[in-house]
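Same chain, two partners: subunit A is paired with subunit B first, then with subunit C.
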Partner chain A sequence: MLSFLAGRLTMGFLTIFVTTILVTLLIHLVPGDPVQIMYAQSQGTTPEQMEEVRKSLGLDKSIPVQYAMFIGRLLEGDLGNTIRGGQPVLDVILQRLPNTLVLAVAAMAIAILIGVPIGFFAAYKQGTIWDVTLMITAIAGISMPHFWLGLILLFYFAVDLGWLPVSGGGPLNLVLPALTLGLSNAAIFARLTRSSMIDVLSQDFVQTAIAKGLPKKLVLRRHVLRAGLIPIITMMGLQFAFMMGGAIVVENIFSWNGVGRMAVEAIFQRDYPIIQGFILTFAVVVVFVSIMLDAVYAFIDPRIRRSQT
Partner chain B sequence: MSGSATSMPHRSSEPVQAKHGFWRRLVRTPNGFVGLLIVAVLIVCAFGADFLAPYNPTKMGSGPRFLPPGGTYLLGTDEFGRDMLSRILYGSRLTLLIGAVAVGISLTIGMLLGMVAAYCRGWIETVLMRSSDILFSFTETLIALSCVAVLGPSLQNAVLAVAIAGIPFYARTCYSASLVEVSKPYFEASIAAGAGPFRMVFHHLLPNVLPTMIVVATLGVSTAILAAAGLSFLGLGAQPPTPEWGYMLAGSRDYINRAPWLMTIPGVAIAITVLGFNLLGDGFRTALDPKERDR
Partner chain C sequence: MQKFLGKHAICAGILALSLGGSVAGAGAKDIVWARYGDIDSLDPHRATSTLSLQVWSLMYDTLLAVDADGHPVPHVAKSWTSNDTGTEYTFSLNEGVTCHDGTPLDANDVKYTIDTAFDSEKPSLTKGSWGPISSAEVIDPLTVKLTLETPFVALIPFLADSFSSIICDSNEDAAGFGTDTAIGSGPWKLVSWTKGDKIVFEKNPEYKNFGKLAENPGAPYMDGLIITTVPEPQARFAALKTGEVHIAEPPFDDVAAIRESGDLQIMVAENTGQNVFWEFAVHRPPFNDKRARLAVAHATDAAAAINLIYGDLSIPENCPVSRGVFGNDQDFCAEYRPAYDPEKSKELLAELGYSESNPLETALLVWTGGNRQKLGEVFQAQLAEVGIKASIEIMDIGSLNARVRQENENTEGTTGSMDMMTWSWYDPDILYALWHTPGAYRGYTSPELDAILDETRVLTDPEARKAKVQEAFKYLLSNAIHVPLYTPGWEWVFAVRPEVKNFHVAPFVYPIFSDIKIED
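Take a look at the complex of A and B:
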């Protein structure tokens, strides 16, 4: 179990290390002069000011030196300052990150609570009209763009019925974005669960358990559900990353004040320090969550828990 | 992907028969049939937009503003009096082009990387697959967003961004499909017979991983279309007055009360298109491998 976790941890560090390199290179990949592009929208910037920015971003140095500077500042918890407003990037991100995490976790909960039971039921009723109907619904759900689902929910619940607020930051405002993100991922969970459960249902130990006369409910709960959930937990890390990615779009529909909305605004304003900070934060969150889930997985799966090495 | 076509990679009458049976099997699966139908209609719309569209898709004031669907303007008009039907028809051309170009680029590069990694093994394999694992864990949305941040918002850049974002996925899939082939006896036999690396990869590996990759790529078209529409929805892709569906949806938000059809129609168009490719991909998978039918 320890060597399994050590491997995952190494991979996580490697991921973040690669991200820091990519993030440093990002600004150099911009076609043209990044400083000029950043200030293209504000007219009154003098060449001297631009030179100063160039220096403060370290763009006058060689790329390895810049990378070393970036890492040095990063270790001190400094992600640089925003181009517009000059606030510390880390503060701006930390202020909004909780909103995105709340949204992603709420959406994840909705997706699991709806998707897993549906997938399990469909697997149990495999080949019947129930199964077919549910799976057609699931494939339609996957095909539905989440930004469209968001608009529809916005139209019916916020505009037409007036039950929920259109935008803002309160707990009621969380309902629609979380539902948007959760529902579109519930379909993915339903399909995953179904195929995982069908795999387990056809295995010998399940057939044996039924053949030796155990009650069907017991077999389903003890044997099928437990074994079938393991592949789903391994997929959850990736699903969480998808949620974070989806949050970028959904936050923009509902004006939810998270890092995704911040990132899109930063792209329009060419505020590269924010974009760099955002990508790094995203990577750290995704790596952290997937390592946590790996730990859970390692603990749940006896094959890994009891492995000696 | 087992089937007779894959276990017999050499020229004989068998692959032809298998191909014939393939289309018959595809049409017999409900998913494949409906998917094929939807995609066929889309292709007709895309190619025939010039003849089918009753009005100019970008000309403002070709009709009154905010006309509800029905009558001469079958799908109504938008905030500039542009005919929605014409915009949707031209949008289908754009959408199919976006899907084809994005998937074409990421499939080609991804397959090359995956096959090379599986064939070369050693450090090349480690470097290629580890880096695509790392990029894959970032999710396509983040990679695409980063690319747009670097390149700047435009439809071309959005397509390029979606294409780059898809590479790790195709590389991984092609790699695992290639590993299966590399371990088969015919592969070693061909190397023993003196086939060079180029011949091994393009003559033996490529035809055998292609069926799997076609399934994955068909499903990938829907992912690419969704991703590109998402970028346009955020304003990072297609710019006005392009009749792109994602961009049209974004614009509809301001008139959600007054003209809900502006929101419904492009949304339905995207959903049906994506559904079509998802169903077709499912159908391909079942038709290629009858064992998968129950999955």
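Take a look at the complex of A and C:
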């Protein structure tokens, strides 16, 4: 188990290492002079000031030197300062990251709590009208854009019913964005759970257990559910990354002050230090969540940790 | 039954939370203003956006203020004198102005602000808005003398804008000035700023209003002001409907329905100084030829286009600086601005050798948002009517500014580039920034225009200056360098809840909250 985790950690560090290289190169991928683009809205900026910024970002150095400087700063916990406002990027990100994580975790919980039971039930009722109806609903859910679903929920629950607030950062404000993000992901979980469970239901060990006369509920709970959950846990890691991405749209609709919205603003304002910090943070979070889920995955299914050793 | 109970327990939980929590998240006597974006900094030297300026105007004071027509009037400075050459200005300050930390605001604070703006170690982003000041000298606590490198008559209107906000010198010792703290002397005192989310203010009970455009001579009537960020227009509209927010920019497409329903008041800012205009990449064909620029100007029916997209929310503008700014005179400018005349446009195009099979082709760059993309499409159709093939490219303002400069620096090729540029300033000196060599975008410049613009900076007699400013207008209009289209153009429409009384907007889009009373 330990060597399995060590392997995963090594892969994680490698991923983050590659990301740091991409993040350094990012600023050079934009055509034209990045500093000129950054300061395009500030006509009062003198060429000397722009040269200062170029120096402070290390843009006057070669790319390998820039990379070494970036890593050096990174190890000191310094992601630079924002172009607009001059605040430390790390502070700006850390202020908002918890909001996005809370949103993604809440949405994940909704997706699992709704998606897994529906998928399980559809598999159990495979081929019936229940199955067909639930799966059509799931496809509709997957196809529904976050933007559209978010506005519908907002106008219904906040404006028409007046149950929930429209925007802001309190606990109640979490309900609608989490529902928006969670519902479409619930549909994905429902479809995955269904196909995984159908697969397990047709396995010999399940048929044997039923033939032995074990109660059906016990077979479903002890044998089918546990075996069928493995691909779903794998999926959770991927979905978490998608949810962090999906949060960009949802955060904007519900004015949820997370890193997704911050990234969108930074892209529009060409605030490169924030964009770089966001990509790096995003990579770290996704890698960390993947490692955590791999550990859970190995714990549930001993075959996995054995195959890695 | 178990399932039924479970489901309903969740619903009841949500409902209980809803009823238990405060929906608006604001105190009973707080004003809530929602905007699409946040400020960049609380420090007036570290940002340039309108969103930041509007907030500084609430928390800081300025030496001068403007009246409803946009003319400078005394405020913290009760009077001023200048020497004959216009290189020295002495301001006499009002007594009794206090900073939010209780210290008096005096000449030392003015000097501190100016010294900070011109600090060579950390130069201000808004240094240009102070003019060519070379030194600030404290004569006595209530008298300050500013010395200029060269005469600069626009100093007075410059000092009335929030770019020239006075920062109390006690900020020097405050940790986190600009990000966590900011000590001003304005009607609203900072409580907290959560970047990207909201700025919370409480009223400054000591506030004295000498010249700002509010009827209220003292502290604001309401206890607090919360400026919250709601980027999505439909969400802002929803928050206005529920009462969570009192004032916000509505979605343009819903303005007619809002007016019809009467649920919210629609307020349109006047004398914003905002000018939306055509400008061209003049260092390559086709727009290096005046006739091509005139062909575009004559093909453009701005009045019809803005009526179609904005209704009566915006109006056509004839001058290169908009209403409310010194020198603006609609009748004067109408004489020189190329009028809508598609036949004339076709003649000019034919003269240049363009035809149906060989149309004039150009990129048409438009700043995203505010329904400007739709307006761009209307202009595109108008240009197509005379045979100009314009391809629209929509981009954010930062990219637009950078792209316009790139297009001006590109002298190769025959496909033109023109853009619907947007600028706001409180003095015609903006024309100096835009069109005096080398030019903000490296666009059109000429020795003749430079000479005219140089003079607009030094003529101390208002009438003489006005004549010179209008000479610049005439040059820009008749050569189709700066073709005005309409005003205002961005962040100028406010939807206001009916219980909010006495909300108004000062020139240059500075909302005033000191007079507001919210009825129960």
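Going forward, the second predicted complex is superposed on the first by the 303 of 309 C-alpha atoms of A that agree within 3 Å, B and C clash if a C-alpha of one lies under 4 Å from a C-alpha of the other, contacts with A are read in each partner's own complex, and residues count from 1 in each chain.
We take it that contacts are C-beta pairs under 8 Å (C-beta built on N, C-alpha and C of every residue); 3 or more make two chains touch, one makes a residue touch a chain.
All values derive from a computational prediction rather than experimental measurement.
By the document's definition of touching, neither partner reaches A:62: not subunit B, not subunit C. By the touch criterion defined above, A:143 lies against subunit B but remains apart from subunit C after alignment on the C-alpha atoms of chain A. Once the two complexes are laid over each other on the shared chain, residue contacts for A:159 go to subunit B and to subunit C alike. Of the two partner chains, subunit C is the only one touched by A:172; subunit B is not.
Looking at the shared chain after the overlay, A:151 reaches both subunit B and subunit C. By the touch criterion defined above, A:268 reaches both subunit B and subunit C. Shared contact residues of subunit A, touching subunit B in one structure and subunit C in the other: 37, 151, 154-155, 159, 252-253, 268.
Chain contact summary for the complex, subunit B toward subunit A: residues 31, 130-131, 133-134, 137-142, 145-146, 148-153, 222, 226, 229-230, 233-236, 246, 249, 252-253, 256-257, 260, 263, 266-267, 270-272, 274-275, 278-279, 282, 294-295.
Those residues of subunit C whose C-beta lies close enough to touch subunit A in the complex are 14-15, 17-18, 21-25, 34, 37-41, 46-49, 123-129, 178-179, 194-198, 228-232, 234-235, 238-239, 241-242, 244-245, 396-402, 405-406, 433, 440. Residues 11, 14-15, 18-19, 22, 26, 29-31, 37, 126-127, 139-140, 142-145, 147-148, 151-152, 154-155, 159, 195, 198, 238, 241-242, 244-246, 248-249, 252-253, 263-264, 266-268, 272, 275, 279, 282-283, 286-287, 290 of subunit A touch subunit B in their complex. Residues 32, 36-38, 40-46, 49, 84-87, 92, 95-96, 151, 154-155, 158-159, 162-172, 175, 252-255, 257, 261-262, 265, 268-270 of subunit A are the ones touching subunit C in the complex.
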